[in-house]
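In the two complexes below, subunit A is the common chain; its partner is subunit B in one and subunit C in the other.
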Partner chain A sequence: MTDTFILTHPELLKELTQRLFDKLLKRFSEQEQNVKLAAFSTFSNFLRVIVQRASNEEAFEDLAEKPMLIKIKPEFVEFQGKVVTMIAELIKVFNDKKASSAVKVASSELLLLTTINIPDAVIQHLDAVIKLIDVNYSQTSNTIELRTNMLKILGAILKVQVVENKPQIERHYPVINKLILSSLEDKSFKLVSEGFKALTVFYRALRPTLSSTTEKFQTYVKPVIGTVNKTLKSTDIDEEVIMRDGL
Partner chain B sequence: MTINAVALISTFGDILSAKDLTDLLTFLLAKLKAEIKRQQVMRALSRIPSKQLDFPENVRDFFREGIFHFTFLGGIVCSAGQIFGRIVYISSQARPNIKNPYTASHKNDP
Partner chain C sequence: MGSVSLILSPQQAVSVGGELVNNMIANKDKKELLYYTIGFNSMLKGAASKLGQSVKKVLPFILEDTPKRVENAADDFDFNTELLDYYLLILDNIIKNCPQEAGSYLRNIIDRLEELLSFDPNGTLAEDDFGAPDGSQGKFYFQ
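And now, the complex of A and B:
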């Protein structure tokens, strides 16, 4: 019901947030899965409504080249602290060993949306978020959807780095690099594709402090050139086979 | 994938070795064979900030060969040549006696 109010009565949103935010947040630890999922959905709608997009966003076709054009509306800036608290609760959901696959996927979508819309809130829990991405991506028993979302969150964090060049993100480059390289070798096309998207943003994040002789170039860029060449070659062969066989 | 390769060139074009650049461009040129890939490559290549990159001399030769080949084929492919031309900012220095990398990279085609 709160969902409907958020979407249909934006003028009530500020009052609703003041009254209900903390109560809804407690639902994250609810035993009943459907209640938990409904709480995630409400927070997703809340995050969509409290931000605004710059009008020239359409000028950037490629997501990787898009600068940070999403800003929290001035009247909701005071709630950023509450979003930081929400991230902390969300991390607890991921760490809950009893959490079902559906709950984990839904919470990863909420985390992704928060990273895109209010990145500063996520950066405040960066160490825990990177660890969460590492664990949930590396577990091959997790669903492809969850693992893909982990790479999407990684890409969104790297986008922040392209614009703001934060030392606390740079500290995690070895883990980020390991995850991206691992995704490029995965059997799932979805993961490979998402990995390449994250890698494209990683290039841009790396570039400002890089030259051919720097350690960063040798560590992060040099190893992927061969993989990119190999993938370009193999996709080309696939295409030739399809064309030849008329598939 | 193609977008990623182009991003690699556009971001690190000035510091990648001539061999790496030439390898990447050879595979990209090969992708111009299929219509879908052609559009994707052309769109992606148009984003390369030409004046910011200082390509080595042998890579410039590579572009000249590309321009010759695509101009020779004519039609829609000709515009790909124009894009390659824009990248290195050279207009009409194609040399007809240069070995063609496009056909050379596909000698095993059926």
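And now, the complex of A and C:
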């Protein structure tokens, strides 16, 4: 019902957040799966409502800059701290060994939405988030959906880097590079496709200081060339992957 | 009941809805309350716009009865939690479909919502982070 309130009475959102946010957040540790999923859904709607898109969005052709056009509405800026707390709780959900696949996928969707809508909140937990992406992507027993979402979150973090060039993100380049390279060699075309998307943004983030003589080129670009060629030559590769040839 | 409500005229819907609400109130201490509540919820889903007067009557009843059910959930756990489920569905439908009737009750509904978010009828909140539940049903574990 909190969902309904959020969507039908935006004028009450501030009061609802003040009164219900913490109580709802505690439901992240709920062991009843349906309740936990309902709590995730409510937070997703909350995250959609508290942000606004810039009106001149169409003017930006560079897709990588688009996420930065989503801003938290001024009246809700004070709730950014609560979103940071939410991410901490969300990370606990991923670390819960008893969490089902459905719960992990739903958590990853919420984390992705948060990364797109309020990236600054995610950056505050960046070390834990990158570790979480590494663990959940690398675990091949996880569902393709969950692993794909991990790459999407990685891509969203890199989009922040394209615009803001944060040293705390750059610190994780080796892990990011490893994950992307691994995805390009995966058997699943979904992961390969998402890997290419992430790689495109990764190169956009590297580009300002990138030339064929720099260390970054040697470390992050050169090793990828062989893998990309091999993947693109693969006969059974999905058309969507081939379309991402324009690196 | 939901299908029937679609073909009822506004007068008939008001009459049936009013009868259901009257029966909810008259049977508030009996098991039959659940049946009338389920019936009214079905009607709301199909014909909320035709039930204005009944909505105005059912709202104060539900808002008053909800804390009592929460407080005494353990007395008849299955009955009370199922009833609370339907109360929430009714409130949800009213907020969505009857904004005019719900208008003056919104703050009261938020009060109930706040109470219910602290209610853990299944006793399934993780023990580590929020204190150990005592295993009994229908308790508040954080306030």
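As a working rule, the second predicted complex is superposed on the first by the 224 of 247 C-alpha atoms of A that agree within 3 Å, B and C clash if a C-alpha of one lies under 4 Å from a C-alpha of the other, contacts with A are read in each partner's own complex, and residues count from 1 in each chain.
The criterion applied here is as follows: a contact is a pair of C-beta atoms (placed from the backbone, for glycine too) under 8 Å apart; a residue touches a chain by one contact, two chains touch by 3 or more.
Since we're looking at a predicted model, the values are computed, not measured.
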Touching partner for A:199 - first (subunit B), second (subunit C), both, neither: first
First (subunit B), second (subunit C), both or neither touched by A:48: neither
Which superposed partner A:16 touches (first subunit B, second subunit C, both, neither): second
First (subunit B), second (subunit C), both or neither touched by A:207: first
Which of subunit B and subunit C A:228 touches, first, second, both or neither: first
Touched partner set for A:8, first subunit B, second subunit C, both or neither: second
Broader residue contact with subunit A after superposition on the shared chain, subunit B or subunit C: B
Contacts of A:26 with subunit B and subunit C, given as first, second, both or neither: second
Doubly contacted subunit A residues - partners subunit C and subunit B: none
Contacting residues of subunit B [partner subunit A, same complex]: 1-5, 7-8, 11-12, 15-17, 20, 23-24, 27-28, 30-31, 34, 37, 43, 47, 109-110
Subunit C partner contacts - residues on subunit A that touch it in the complex: 1-2, 4-5, 8-9, 12, 15-16, 19-20, 23-24, 26-27, 29-32, 35, 92
Residue ranges of subunit C touching subunit A (in the complex, touch as defined): 88, 91-92, 95-96, 99, 106, 109-110, 113-114, 117-118, 120, 122, 124-126, 128-130, 142
Subunit B partner contacts - residues on subunit A that touch it in the complex: 61-62, 64-65, 193, 196-197, 199-200, 203-204, 206-207, 210-212, 217, 221, 224-225, 228-229, 231-233, 235-236, 239-240, 243-244
